[in-house]
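Two complexes come next, and they have one chain in common, chain A, joined by chain B in the first and chain C in the second.
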Partner chain A sequence: MRSDLFLLVCLAVGGVVFAAAMTLGNDYYFFAGYVVLQYVVLSTAWNVLGGYCGYVNFGSAAFFAVGAYATVAIHRFHPMPIPFLVAIAGIASGVVGLGMGYLTLRLRGAFFAIATLALAVVLETLTVNWDYVGGSRGAYIVRPEAIAPFGSYIRYLFLIMLLIAIGAITIARLIERSRLGLGFATIRDDELAAEASGVPTLRLKLIATTISGALMGMAGAPFPYYIGFLQPSSVFGLDYAINSIAMPLIGGTTSWVGPLLGAVLLGSLQQIATVTISSAVNLLIVGFLLVGFVIVAPNGIIGLIHKYVQHRPDILIGRRRIAADAPGPTP
Partner chain B sequence: MTGLLEVDNLSKRFGGFVALEGISLSVRRGERVGLIGPNGSGKSTLVNCICGTLQNETGSVHFDGHTLNGASAHQRTRRGLARTFQLPRPFASLCLADNMRIPLLYSVATRERHSAGDIEDRCLDLLRQVGLDDKARRLPRELTQVEMRKLELARAMASEPKLLIADESMAGLTHSEIEDILTLLNRLNEQGVTIILIEHIMRAVMSFSQRLVVLVSGRKIADGEPETVVRDPEVERAYLGQ
Partner chain C sequence: MIFSFDLLINAIVSGILIGAFYAAVTAGVSLSFGILDIVNIGHPAFVILGSYIAYIVNTTFGFDPIVTSIVVTPAFYLLGTIIYQIYYVSFEKRGQESLRGLAFFFGLLFITEVSLVLYFGVDYRYVQAPYIGPTWHVGSLDIPLRVLVPSVVSLLLIAALQLVLTRSFVGRAIMAVAQDQLALKLLAVDPIRIKRMAFGISIATASLAGAFLIIIQPVEPSVGREYIGRVFAICVLGGMGSVPGTLIAALLVGIVESLTSTFYGPSWAPAVSFGFLLLTLAVRPAGLLGR
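The block that comes next holds the complex of A and B.
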C-alpha cells in the first residue's frame, strides 16, 4: 500500500475511533483513550531506535519530560495553541535526541542503555532545580473547561494525541519501507558489515535518535494540559521507560504493527486494571506479561502469529521493498 | 603513485604490541595479488587498516588517486574498495536479496542513479553469479557454510568495487568448492576488478596470484613472483621453521 493511501486509511480509522468515543459520550473514555494513544506514540517512537536499529533506550521518560516541560516553559512565557506546542516540543526533544546520539555514538548494548538511563537522571535533576518551570514544587497548567466544537477539553486533547499517533505510525511505516529502514536493519544486524557495505552507520544512528526523541517529546507536549499539575516525578517515572520498552517487545519490534498492538493491548489492560483493581497493579501486569512473552514468544505477538499462521520468513521480517512496482518474490 | 592501491610505511600497534610495522605495498590496476603469512602475522589487521575498520597510527593509504587517511569504512567502500570478512557477517534479519540491496543502495547508488527495478534485477543477478538465486527470499541462517561464504563474496561484489580484498574466503571448503570460488574471482578479475586474496590454502593462492606478498610478525618479508617467493629461504623459515 502506498504511504499516502496508508495515511488516509489511518485517518479514516482515527475518525471512526473518535466518532465512536463521541457517541459513547462519557468523558472517561477520552481520559483513558488519551493514555493509550500516548503509549502508542511512545512505543512507536521507541521502536524506531530500539526495534529498527537495535539500540535499547531506557530514557524514554526523559524525552517525554522534555516535551512536557517545553509546554510548561512556553506556557509560562506566552500561552499558545497546543498544536504549536507539540511542534516546538518535538523540535526540543529532537535536539535532545541528537545530543544523546552524539554523546553515545561509540556505545553499544548495555552501555548504551545505561547511558540513556543516566540521561534521564541528569535531566530530572536539572528539572527539579529549574525554578521557572516550578522545580520540585511542580507547575499548574489550568485547563480550560470547554473548547468549541468538541465540548469538554479532554476531547480536544484526545483528538490531538490521536493525530500524533497517526503521524508517528505513518512515519514508522515509511521508514520501514525505505532505504533508511533497510540501513537501520543493517545497524541492528552487524555494524561492521554495514560500514563495509557503504552504510554511514553513525549518521543513521543520529537520524534514528533524533526521530525517536522528537516523537516522544511530541507525545509529552499535551501532557501538562491533561494532568493539570506537572511535577518532575510524574513524567520521569519508571512507568514511561518500562512501558515504552515492554509494549513494542510484547507486540513485536520488527514492524510498525508491533508497537501499535502492544500499546493498545497493554495500555487498555492497564486502564481496565486501574479502575477495577488498583492503579498500583499496572507495572506488575507489565512485568508478568514481559516475562511471559520473553519465554513463550520472544518475537512478540507478530512473531507468534507468523509462526502459527504461515512459515514465510519474508513476511515475518516485514518485506522491505524500496519500490511498490518491483517484481514480486520468487518462490 | 601509479598503482590503484598504495600503502606506504603503515604501522599499527595495539597497546604495546606491534601488529604491523612499516608495511609498504603497491597494487596495480587489474592485478591479482596473493597475501600470505602464518596465523597472527597481521594479514587481517592490514586489511582492516586499508578498509578503515581500524585506523593506522603512522603511514598512509592511497587508493585510486585519493588519500584515505581518516576516511571512514563506508567512505572507502563508496570509493570502490570492498572486502569480505574472514568469518562471514551477513545481515541476519534480511533475506539474501536484501543483503545484496544494501551495497547497491548505499554504495553504488551514491555514484550513479538506478531505478528500483534495476536494483531488484541486480540483486538477483548477483545471487545468480554465486548460485544462490533460488534462495533470494531466504534468510542467511538457512544457508550452509559454503553458501554463507558465497553470500559474503556476492555482497562485496555488489558494491561494484575496483579492488576486492577476499579475506580467507575458502577456509574449510572442499576442492570443488574452492574451484568454484576461484572461478568466480577469476571472472571478476577479467571484468577489470583488482583482487587481493588472503589465503592459507597454498594450491589456491599459487594458481590464482600473479604476485605474492608474505607477512611475518607484522613485517613484509617478501614480495614478488609466486614461484620465486615460495623458494625464498626467509619465507621457508617462517613457514617450516629452521
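The block that comes next holds the complex of A and C.
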C-alpha cells in the first residue's frame, strides 16, 4: 500500500475511533484512551531505535519528560496552542536524541543501554535543580475546562494524541519500507559487516536516535495538560521506560504492527487493571508479561502468528474449503 | 558555601567509607557484567531484596543484619543459579542475549520492585543494631559507626572475593570462562556450570550489600534505581571485572559524590556517577584497570 493511501486509511480508522469515543459520551473513555494512545506513540518511537536498529533505549522516560517540560517551560513564559507545543517539544527532544546519539556513537549493546539510563538520571537531576519549571516541587498547569467544538478539554487532548499516534505509525511504516529502514536493519543484524559494506552506520544511528527521541517528546508535550501537576519523580519514572520496552517486545519488534498491537493490548489491560485492581498490580502484570514473552515468545505476538501460519500453510486455504464444503452454517 | 578544611577532610573520609560500600554493591555486577558478560541490570533489585530480608529478620527476631545476610547467602546463591539457568536456556543458547536478555533483567528488576511496593508499601524501613547511632570523634573528624561497620565488612568481602578469584580453582575457572570457553571444555570443566556458580556468587554478594545498605540508610523499594547507574559506572570505570579496579573506582566515585554533595548540595550527587560513566565510556572505555 502506498504511504499516502496508508495515511488516509489511518486517518479514517482514527476518525472512527474518535467518533466511537464521542458516541460513548463518557469522558472516562477519553482519559483512558489518551494513555493508551500515548503508549502507542512511545512504543512506536522506541521501536524505531530498538526494533529496527537493535539499540535498547532505557531512557524513554527522559525523552518523554523533555517533551513535557518543554511544554511547562513555554507555558510559564506564555501559554500557546497545544499543536505548536507538540512541534516545539518534538524539536527539543529530537535535539536531545541527536545529542545522545553523538555521545554514544561508539557504544554498542549493553553499554548503549546503560548510557541511556545514565542520560535519564542526568536529565532528571538537571530538572530537579531547575527552579523555573518547578524543580523537585513540581509544576502546576491549569487545564481549561472546555474548548470550542469538542466540549470538554480531554476530548481535544485525545484528538491531538490520536493524530500524533497516526503520524508516528505512518513515519515508522515509511522508515520500514525505505532505504533508511534497510540501513537500520543492517545495523541490527551485523553492524561491522554493514560498516564494511559502506553503510553509513554512524549517520543512520544519529537519524534513528533523533526520530525516536522527537516522537517520544511529542508524546510528552500534551502530558502536563492531561495530568495537571508535573513532578520529576513521576514523569521520569520507570513506568514509561518499562512500558515502552515491554509493548514492542510483546507485540513484535520487526514491523510497525508490533508496537501498535502491544501498546493497544497492554495499555488497555493496564487501564482495566488500574480500575478493577490497583495501579501497582498493573505494573506487576507488565513486568511478568515482559519476562514471560522474552522467554517464551522472543518475536512477540507477531512472531507467534507467523510461526502458526508457517507451520500450517494450509490454514487459510483449509478454512475456506471447509466452509465451502459444509452444508449448513459452521459452528 | 564557605570552604573549610574540616569540611573537606570530613567529606573525603565519608566518601572513602561510602566508596567501600559501593564496591560491595558493585562486586556482584563486576562478576556478572564484567566477567560473564551478563548484563544483570536488575542487580540493585537483589540488593534491595537483601535489605528487606535483613529488615524482616531484624524486626521480628532482632538479629544483627550483617549476620542475617551472611546466613541467607546460600539462598541468594541458589536464586542466582536458577536465574542463570533460565537466562542460559532462554537467551544465551539461542544467541539472543543482547536485546532480550536486557529486557529480561529489566523485567526482573521491575517485578522485584513492584512486589516489594505491594507488600511493604513505599515507606522507608530501617534496622536496629548496637552500632547504629554512635559516632566516633577523632579531632574534627566525625565517623558514624553505621557507615564504618558496613565499610569494613565491605572491604573484607572484596578481599575475600579477590582471594577466591585468584587463588581457588573455581575462581580461576571463572576468570578463564570469560576468556576462552573452549579451552575450559578441553580441561573437562563445564563452562556453563562455572558460569552458573559465578552468577550464584554474584547474586549472593547482593545479600550482603543489601544488609549494608539498610544499615547505612533507610530503604524503600525504589532506592535500587539510583544504584543502577552508579554500579555500572563503577564497574566500567574499574575496568570490567577487575576486583581491585572496582574498589579503586568505587572509592573515587564515593569521594567525588561526597565532595559534590557537601559543596554543591545533595541534589546534584546522582549526576556525578553518571557523568563519570558517560565520560569513561567516551574517553577510556577500557576503564582504569582494564583487561
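Basically, the second predicted complex is superposed on the first by the 310 of 331 C-alpha atoms of A that agree within 3 Å, B and C clash if a C-alpha of one lies under 4 Å from a C-alpha of the other, contacts with A are read in each partner's own complex, and residues count from 1 in each chain.
The rule is simple: a contact is a pair of C-beta atoms (placed from the backbone, for glycine too) under 8 Å apart; a residue touches a chain by one contact, two chains touch by 3 or more.
What you are looking at is a predicted structure, and each value in this text was computed from that prediction instead of being measured.
Touch criterion met: A:Ala185 reaches chain B, while chain C stays clear of it. In the superposition on chain A, A:Gly50 makes contact with chain C only, not with chain B. Taking chain B and chain C in turn and counting the residues of chain A each one touches, the greater count comes from C.
Once chain A of one complex is fitted onto chain A of the other, the partner contacts of A:Pro298 are limited to chain C, with no touch recorded for chain B.
When the shared chain is aligned, no partner comes close enough to touch A:Leu5: not chain B, not chain C. Using the contact criterion defined above for the overlaid structures, shared-chain residue A:Ala148 touches neither chain B nor chain C, since it reaches no partner.
With both structures placed on the common chain, the touch criterion links A:Val309 to neither chain B nor chain C.
In the superposition on chain A, contact of A:Val122 is made with chain C only, not with chain B. Of all the residues in chain C, the ones that touch chain A in their complex are 33, 39, 41, 86, 90-91, 94, 96, 98-104, 106-108, 110-111, 113-115, 117-118, 222, 225-226, 228-229, 232-233, 236, 267-268, 270-271, 274-275, 277-278, 281-282, 285. Interface of chain A with chain B (complex): residues 179, 182-183, 185-186, 188-190, 192-202, 254, 313-314, 317, 320, 322-323, 325-327, 329-330. Touching chain A in their complex are the following residues of chain B: 51-53, 72-74, 77-78, 82-83, 85, 89-95, 98, 101-103, 105-107, 110, 115-117, 119-120, 124, 133-134, 136-139, 155-156, 158-159. The touching residues of chain A, counted against chain C in their complex, run 50, 54, 56, 58, 103-104, 106-107, 109-111, 113-115, 117-119, 121-122, 124-126, 128-129, 136, 238, 241-242, 245-246, 249, 280-281, 283-284, 286-288, 290-291, 294-295, 298.
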